[in-house]
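The following pair of complexes shares a single chain, chain A, combined with chain B in the former and chain C in the latter.
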Partner chain A sequence: MTKASSEGIWEKLQSIDSRVIYLLMWVVVLWPLMSPINLPVGVGRQSKEYFEWVDSIPDGSKVVFSYDLSFAGLPELGPMSVATFHHLLEKDVKIYLCAYWNSGADIAQDDIELLKPEENYGKVYGVDYIHMGYNPRGETGMTQFAADVYKAFPNDFVNNRPLDTYEIMEGVHGAEDFDYLISIESGTPGSPEWVRQWIEPYGIPFSIGALGVSVPGVAPYYNAGQIKSFIAGLRSAAEYEMLIGRPDVAMAQQDPLSTTHILVIAFVAIGNIAYFCTRSKKGGGS
Partner chain B sequence: MLEAIGPWLTAFFLLSIFSFTYKENPWFRFAEATYLGVAVAYSIGFDLDWLLNQWNTIWSVTGTKILLFAFALLIGLLFYFRFSKKYFYLYRIPLSIGVGTYIGLSLRTMVFAQFLTQIKATFIPLAAGTPLDIFNNILIFVMVVCVLIYFYFTAEHTGPLKYTAKIARYTMMAGFGSAYGNTVMTRMTLFIGQARNLLKHPPSFATFGILILGSLLLRDYMAKQKQVAVKD
Partner chain C sequence: MSWYRRIEVPIILTAVCCIFQLVPYFVKVPGWQTAAEQMIDWDSVMETFATFLGFITLLMLHGRMVSQRREGWPFSAWILVTMVVYTIIGIPLKSIGLGKGTALFEDIRMYVLTPLSSAMYASLGFWIASAAYRAFRARTTEAAVLLISGTIVMLANAPVGTSLWGGFAPLKDWIFDVPNMATMRGVVIGAALGALALGVRTLMGKERGYLRGGGG
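For the complex of A and B:
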């Protein structure tokens, strides 16, 4: 191979048409989805912590489960919300669903219809669990919820009936009456707002399910103990599904997740090698 | 009926949006505009429903509350003076109420939740627990101190500060790398989730895949032919 032709290859590699990359991405996603490879999935420390935290919630506890997510975040957060709701329904706890993202209210409703708590878990709506609906006021709405739940969520989402007519609401007024808080979240409002309005003033144990991209933002709260445990990204969701013994959507997507990452790593490596090769030939760089 | 149309609509809009990866095109623009319209209407619908609930359950019960509700609505309507050059200043009234309330509520606990507690979390024993804990704690201590020094701009990064600045740079690079890795995972997951949706209904996927991609390729081909004709 001559010097000129080798230079051409490295330069070409640095300027691959983005459409070629997108096409390859389609291939590495569709191929394992159509014929699964079943790559092994191990369980990480964080997923274990989250599982143990939810599992250790004592019987009779009142758990607020907030759907702070958008439809766009569903592929990553949807499996987490279903798995967490299932885990909670298997326990003898009172579940209060709510949403600070408008799509969250619909997603919570979808989860109820998917899991069918009455048929599959012997739970009764309004006695064992309730969907309090959506509050559009973000952080201010969280403060309102902490002070008076009936002002933040006047009617429930399923029957549009006043919240105080349900048995599950007996003795419940504000944040002090709840024992645990879980939020599955896409962004703002999310964990910083919950920490400011619920965790710091009331000291309620708090765990979250977040997008993978949110990890650097969540980690400081976790290190400070304000968030007791968290799962982030589709990988954690799959691990959590394994731990609760209900492998589902997240598990089914682990193969393409691995193949796409292999492709991205390959392109990063090729790009860097090509860059260093052309730089050394040009004699530039620092 | 709706269940039969659903997968076709999903495939059409998903592939129209994905067609942007080929190049900017009318399919994408149509899907983008439709999405924006639907998303805004969806939000407004939910917000109005909440407002109606508030009215029915809390504010319509006594005369005083009705007056207070009407007053709040009037203040809210001042937002529309954003579109008037003459009365623009009125728009600032609801804005300042909103900003003031939000900042007041956040600041109430922000100092503790996002400042003091975070500082306290770095006060960790350097020799406690397992060897891995000790290593982690030392790492946290060194990195926090070095990054803080890095953003101390009064003194130039020379002498010993040159080394702390280097450690700080590596620390931040590691953070950015971790953020990038997580971003890749999130973006890939979104793509995989939608690809899975498309595979649930192969006829719609194939039909719109061929239609949209075919039309884009044909448009490019025709544009090239036109260029050749002009040159000739």
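For the complex of A and C:
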């Protein structure tokens, strides 16, 4: 009787109802948001490299900052794009915003409205930075941008004025006129396409911000030096916010990140313990 | 059969277009470069037409689903409504409050599209929690290795893990730099070789999957 009931417990622990897991996930997400634990966040190697890379961009450089992200990826990538844009605005560089995902242009516009470059950084639209808009043609559009920026982005996004009427565009024709490239990206088109059309043919230094799940795919390009540095996932975004001295949304989400990870690990451990207990009992009985 | 309906015509067109784009990638020939750029402009025009064609195809497909009351037809009806309404809202007629940048368009984007898209992605977190619990079982040595490396990466990604033990971060870096990098490099090189083989077959007219549904 005791043996049967104990076997029942282990079997039950191997098949906990999904709804119980979902409910507990809700609890561990909401609880730290309502009463933060404020666990310390250490800075990792990758975030430090990305910070140093952006920080070392020399004055007067022309930086393409591409918003290749979707609304769906916004919770994870949004803090990175805001932090990177802030970091660039603090420097004396020319910023060329563009997008190869349809939602990217709107997100870039939201970042402009959030950071207010004129009020907070003393920058002038069309002189220090410009929003070139969205190019819907993916990799072909990147090739087009490399060959002739005015064909890829005929008018700017903010005023719908011809791009060549802005001061910032003086002496700019194609990829060879830009010095750096940064892409915050959700998927395809993203870094492999930029590497094929911009990095290999023109040798432009390139860094990215990516989703946490994209990390394995970034590895070969990073190791080959085609991607100089990268941040991936909410943890890296929080570390980068710390490094630029502007803790924001990503930092606020670090506690739920911890609690949810712990919950997943706890469930994986429960499942495995139950599995081994059931197996050993079955093995012992036979 | 008319000459323009012959299978050789699209094969020759594909081969010519491929060569036009391939050569300037490796060799700088001024005239050729201009021609290649011109072809990219053609491609842009064609893609714009393809978007319009996609819109019409979706209308026809879901219109048929609704008219024949097939299973799940209310979802098709909802797609048609949202597609048509948002298209109308997006027509650039600012004088009557339509088009990008107007309050109506931007509010739908900000308060409907953005939260719905984010919620879709965020719901993955719940699925992953449930799936990890069910699938992450150390049944074999390989599964045990996956389980241990996955747990280390999770602990290194969460502040609680690195607060408990600082060694999780270097361990995660090693997993990223060595086994993951080696595997992904193999995958990327394999995929590139596959794409190269496909490209050569297409150029030679041996790959016909993109023509007439694969027919010859």
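Operating definition for what follows: the second predicted complex is superposed on the first by the 282 of 286 C-alpha atoms of A that agree within 3 Å, B and C clash if a C-alpha of one lies under 4 Å from a C-alpha of the other, contacts with A are read in each partner's own complex, and residues count from 1 in each chain.
As a convention for this text, contacts are C-beta pairs under 8 Å (C-beta built on N, C-alpha and C of every residue); 3 or more make two chains touch, one makes a residue touch a chain.
Treat the numbers as computed from the prediction; the structure is a model and nothing was measured.
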item	value
Touched partner set for A:Trp10, first chain B, second chain C, both or neither	neither
Touched partner set for A:Ile270, first chain B, second chain C, both or neither	second
Chain B versus chain C as contact partner of A:Asn223, first or second or both or neither	both
Which superposed partner A:Leu33 touches (first chain B, second chain C, both, neither)	first
Touching partner for A:Ile199 - first (chain B), second (chain C), both, neither	first
Chain B versus chain C as contact partner of A:Ile262, first or second or both or neither	second
Touched partner set for A:Gly42, first chain B, second chain C, both or neither	second
Chain B versus chain C as contact partner of A:Val215, first or second or both or neither	both
Partner chain in contact with A:Tyr121 - chain B first, chain C second, else both or neither	neither
Common interface positions of chain A, toward chain B and toward chain C	18, 22, 25, 72-75, 103, 136, 140, 143, 151, 201, 212, 215-216, 220, 223, 233, 235, 257, 260-261, 264
List of chain A residues in touch with chain C within their complex	16, 18, 21-22, 25, 39-42, 44-45, 70-75, 103, 106, 136-137, 140-141, 143-144, 147-148, 151, 201, 212, 215-217, 219-220, 223, 233, 235, 254-255, 257-265, 267-268, 270-272, 275-276
List of chain C residues in touch with chain A within their complex	25, 33, 37, 40-41, 43-44, 47, 51, 109, 113-114, 117-118, 120-122, 125-126, 128-130, 132-134, 136-139, 147, 151, 154-155, 157-163, 166, 169, 173, 176-177, 180-181, 183-185, 188
Touch list for chain A against partner chain B, complex	18-19, 22, 25-26, 29-30, 33-34, 72-76, 78, 102-103, 105, 133-136, 139-140, 143, 150-151, 154-155, 160, 162, 192, 195-197, 199-201, 211-216, 220, 223-226, 232-235, 249, 252-253, 256-257, 260-261, 264
Footprint of chain A on chain B - complex, ascending	21-22, 42-43, 46-47, 50, 53-54, 56-58, 101-102, 105-106, 108-110, 112-114, 117-118, 120-121, 140, 175, 178-179, 182-196, 199
